[in-house]
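Take a look at the structure set out below.
Letters A, B, C and D mark the chains in the order given here, with residues in each chain numbered from 1 onward.
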């Protein structure tokens, strides 16, 4: 029966996340954002502290030593962490995405080899490499007309090993990851749905190295890097699922990565950003004077704040519904519709917050500007036209 | 009679600048190290080269040795420069606008004699205006208009035949590089404009304002600083010959900055076309996908409309009979044009970023700069929520 | 614990409503819309048929002989009925709104005098008169500076009766109602919050008559009329609550009418309209050819359909959440944020549907045009700037 | 040289029409019975009066006895008429445009001799074009342009020195009231235009198309019908002297109709100002509320931008050197202008309806008509999804 109330476990994780977000994430959020460079805004200490509280391994089931939370709890925790800093939240939740993958798609041997160190080491981060310089959207919606479209990184069998050659780009956690899931072509003559294979590649794999670390306008804490494979040697027992059954199918989900979790992750994070923007707007507007009265007494500001809250609550409702549907194992177009929607909302809400803060001209809280830059990340991750076309394809 | 053809001089000037920007400006302006750095110092060498092309004296009448361009010409020219670098365009545009107004309208013969030669000969000679632009905030007084005087922060008194000025003005475009300051001052209850040399010992110029700051983000273009006047003594002869100089200045400045904003949008648009013609996904260059085609079309629609209105506005400001003979409506066209341009170019930059995917947020690539530039315009010269209310004030005509 | 599943009772009402909507409402929807005039599009037969199935009295509690459904069920039923015809759905749910009011605010005597005939007579419709020619927004957000603002209809005591004089306008169900709730000023010297009183006025009250019946561009089936009071005599025992405690407080809710239900009613109705638009768009686009292929194969159409569904699902999630919150007796800004949001969504979705149908030029399914006209009604009921300002005032 | 002043003739003509519309058109056009009725027959008496003011011959050169207005003048004039009644403007605009093209460009001396006097003397003499406007659908072929010829539905053959035409053309503006038809015809694989008298016994004019219909809604303005050609015999001398007449016609028609659309938006805007100045709620006339002020400003911004671009476009179509000398970009400006106008005026009508509250949806009040008119423009001459892709085609220049 329809019920929106949270149970004790959910409330407890929510509170824990709220405390950590307020005390440890928010204070370093703007300072880290303002550090120049691609790698330098990153900070291991907040990761380690959060890891000790369970925020790195949140999605690992109890039988493997994790907290074993469901999607609803994960969504609630992300909303809280992202309210402190969207990029730091993503650095944590990126690990949940791939622990979902280990649990769903890896065999027992792989689970014991990789889940154990993941649980133990507070700096053990996970990443997945799909995107390549010439393969972005084609990995999501491979064009039927062109079997060569999509990733090209090559894996060739050599005895008990595979030899990987090629290059991945923009890979999340790339510069700080200990283990990567790498999509490679084991059969270059068929499309990626049929000729792709997913490999587990630890960071110390010979022939594998990190290339350029990307310097981004938003999500500056969060790491994206090139992964370079030059005759990198990966044992056959690191193949996930079957060779050549397609990396997508092997991962038990879609090509955006992380099965059902991928869409939820971004949408829940967006809710946190919006909550933060709403707080900033209300607090600023309640104090600053303009035209002889407080900003908050101006109808234009009231309309902007009402719109911000309206969109935020619509998104929150959508996210909670989809998280619950995910916990039921239900798959539908709702996930991708929700993540498209989160893009529209996070952009609009952070922009309205900027407009309100613009009321005194050119000077502003740097956090306002940061939220707008962070929100721009959604445009190419969660709501670009390719993902919107994908949403349509799921409606049929 | 109605005619939308530019003159051959305007066309030639534009095409010369377009070439200059493509060949000289884009490479240093879009250098990846410069793009990545939070602080982007003005490209001084290029500023000098652009001055040598005549841009500092663009708005000075030909008989005084300038180029004799009207506001429309400034719009055409500044759009081109801004396609290469918005900060260059802001800097040169400020000097050009002030020099045009000063030497053509505000200066006495004596003042012209004192400064014209220096200005024309020294390519590093710049001007600034030590007053606040109130366009961004005036709308908050809707439905009652606001007393313009309120925003003059400099106060002066007459002391034994001299004028003594005190006060601090924050956030002055071209502050750090100017030789001459035009300053609105409150003197014995009256509002006056003065021309002041920055070398005057009573003036202290603050540090150049940086975009990045531990406690506040400062959205601006060009080179800004504060100017502090401490018993700054000047002569009565330094008073300018105008009663509404600040209104004239800010009205034109709003139009010029909208033209610069348009240049930013155009840069983003041109980058999107170039990229989508070579980026191959989904079985074709992505420009051939309808989804991208629609974005390209939306960008073109916004840019063409912004430019059409901007040129119309520039024309109307220079030719008041266009309004008095009812060819155009008597509305604050400069606010109509700049509000639209600010929103539309932000959307253009955003659409372009969407065409670029992840490349749109990389700091070593130009797109994120265009996006940031466009966001700054939204809430600097105009305020995206309130400024529009000044249009409503004029439409409603409530007095 | 969070749960979105429907219980048996909810599913049963949903199915019943779906059947009635498909078989009885949808077939007459466009034909009634295309009848000229203000009153003529109305049709008693569909009201009677629906009433026999319980759709007129859905919100009446079991102890008073009604089905006693909760807000979630009511929302589900409205979504289904509105999918058949938004205006016909509103003609039913308008009665729920005021049965909520009778139940919450009337005394036992009033309940027995008015609920009994309401239950029995399949043509017994309810309405409420607040709006007057010079009092619209002022009834929702009375300006503090002006105690005279808001409705002016005058009620003066005369023995055991009250004498009402004045005029109401745009009153829903005005031309077909049997009983009206009338907001009147019993003290003209104070503002409506303190000097207003709510009266029960049956249609046969002497001195009370129907004036102009409004001819609208949208919701043509649904009736709006003027109510004219010329020395209309209403007994004192028809006063709801206390005299002069303010009609708002007397009604146990806000000035939009119908307590918590008012916002939910419009937002749930909008979901039904959107569902209808989505069906129309998909079915049209799947069949019509343009530019050498089916419309649905064009990216522009795919993007439009994805957006329509995205907004619809966001709205549905928001509506279900708020319906549940209402069932818990929870009051917050969410109701008014949701109804503002439903305006944006219903306008956008019906417009996108029109764009898709515009693909073959000037000829179109008349239902497409009707949905756009119906959606326009939301602009002045559910999401005008006044209600958005009200949303802000609830955020504090 | 660039100049945005209208001529004194244009200004006088406009002000005469504005007065005519206020005094003569608005009262019958906005009569509450007419507004409530689904079918709104054209206001015939006013059509004649407007013809007598010279509007039918607006685009015919002065030396032939017309007014000699260019496309810009047509835009100025039709906007005014449309403020009163869009259908009147559509009807008179169609005749004026076709007569201008025909008598100035397409007609032989023989044809001029045959029809000019009749046209000038008979105030009820109208023209129509028996071909399909393909602007609304061409974008669906993106990224490949579309063969224009595909849409000619009339076929002809030569039979013993006569041309025999067969075929049906649906949805012809002015079909029911026209005396002369200009028809694009496919003749022996070639595309030709002919001038045909509607009284020809081989032509059957269908019933006037009504907006309301049990099975389909028909979004249109003006008076439309089908024309059926059954062995319609004409002379070879009826062939017109043009190879791209339909392109010229539709390009201009798109601009004219955008001007009419602008008039609808302006009517809605003016209604909103009038109403919000007298509607008193929240302690003041509602125009004094910021929320309303913002809507008023947004409407003004959209209207001014639409008009600026539209005039620019009209000028460019009449003066091709504006594009060839690079004063403007070589883009399908008529689509850029009409797409923007259609969206912007729909938004204006919508904002105005919001200002009106419940009065905005009452069928006996004008607002719902403005709203409906604006919706029709969105998907009649242009198609709100696809037409824009023709802009992208031109920008991408993929050939």
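Definition applied: a residue touches a chain if its C-beta (ideal position, glycine included) is under 8 Å from a C-beta of that chain, and two chains touch if they have at least 3 such contacts.
All of these numbers come straight from a predicted model, not from anything done at the bench.
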Pair of chains joined by more contacts [C-beta pairs], A-B or B-C: A-B
Most widely separated chain from chain D, with each centre as the mean of CA atoms: A
Centre distance in Å when chain A and chain D are each reduced to the mean of their C-alpha atoms: 51
Averaged-CA centre spacing for the pair chain D and chain C, given as whole angstrom: 40
Chain D residues counted as touching two or more neighbouring chains: 142, 289-292, 294, 385, 389
Per-residue overlap in chain A, given as positions that touch at least 2 other chains: 298-300, 303, 385, 388-389
Contact footprint of chain B on chain A as seen in their complex: 31, 34, 36-38, 131, 134-138, 141, 143, 145-146, 149, 170, 214-218, 290-292, 298, 300-301, 304, 354-366, 368-369, 372-373, 376-377, 379-380, 384-386, 388-389
Chain D partner contacts - residues on chain B that touch it in the complex: 1-8, 10-11, 15, 72, 142-143, 273, 277, 287-288, 290, 292-294, 296-298, 300-301, 304-306, 308-309, 311-312, 315-316, 319, 321-322, 325-329, 331, 333, 336, 339-340, 385, 388-393, 395-396, 398
Interface residues, chain B side, partner chain C - complex: 289-291, 294
Partner chain D, residues of chain A touching it in the complex: 298-300, 303
Complex interface listing, chain B residues touching chain A: 36-38, 136-137, 140-142, 146, 171, 212-220, 280-283, 286, 289, 291-292, 295, 350, 353-354, 356-358, 360-364, 368, 371-372, 375-376, 378-380, 383-386, 389
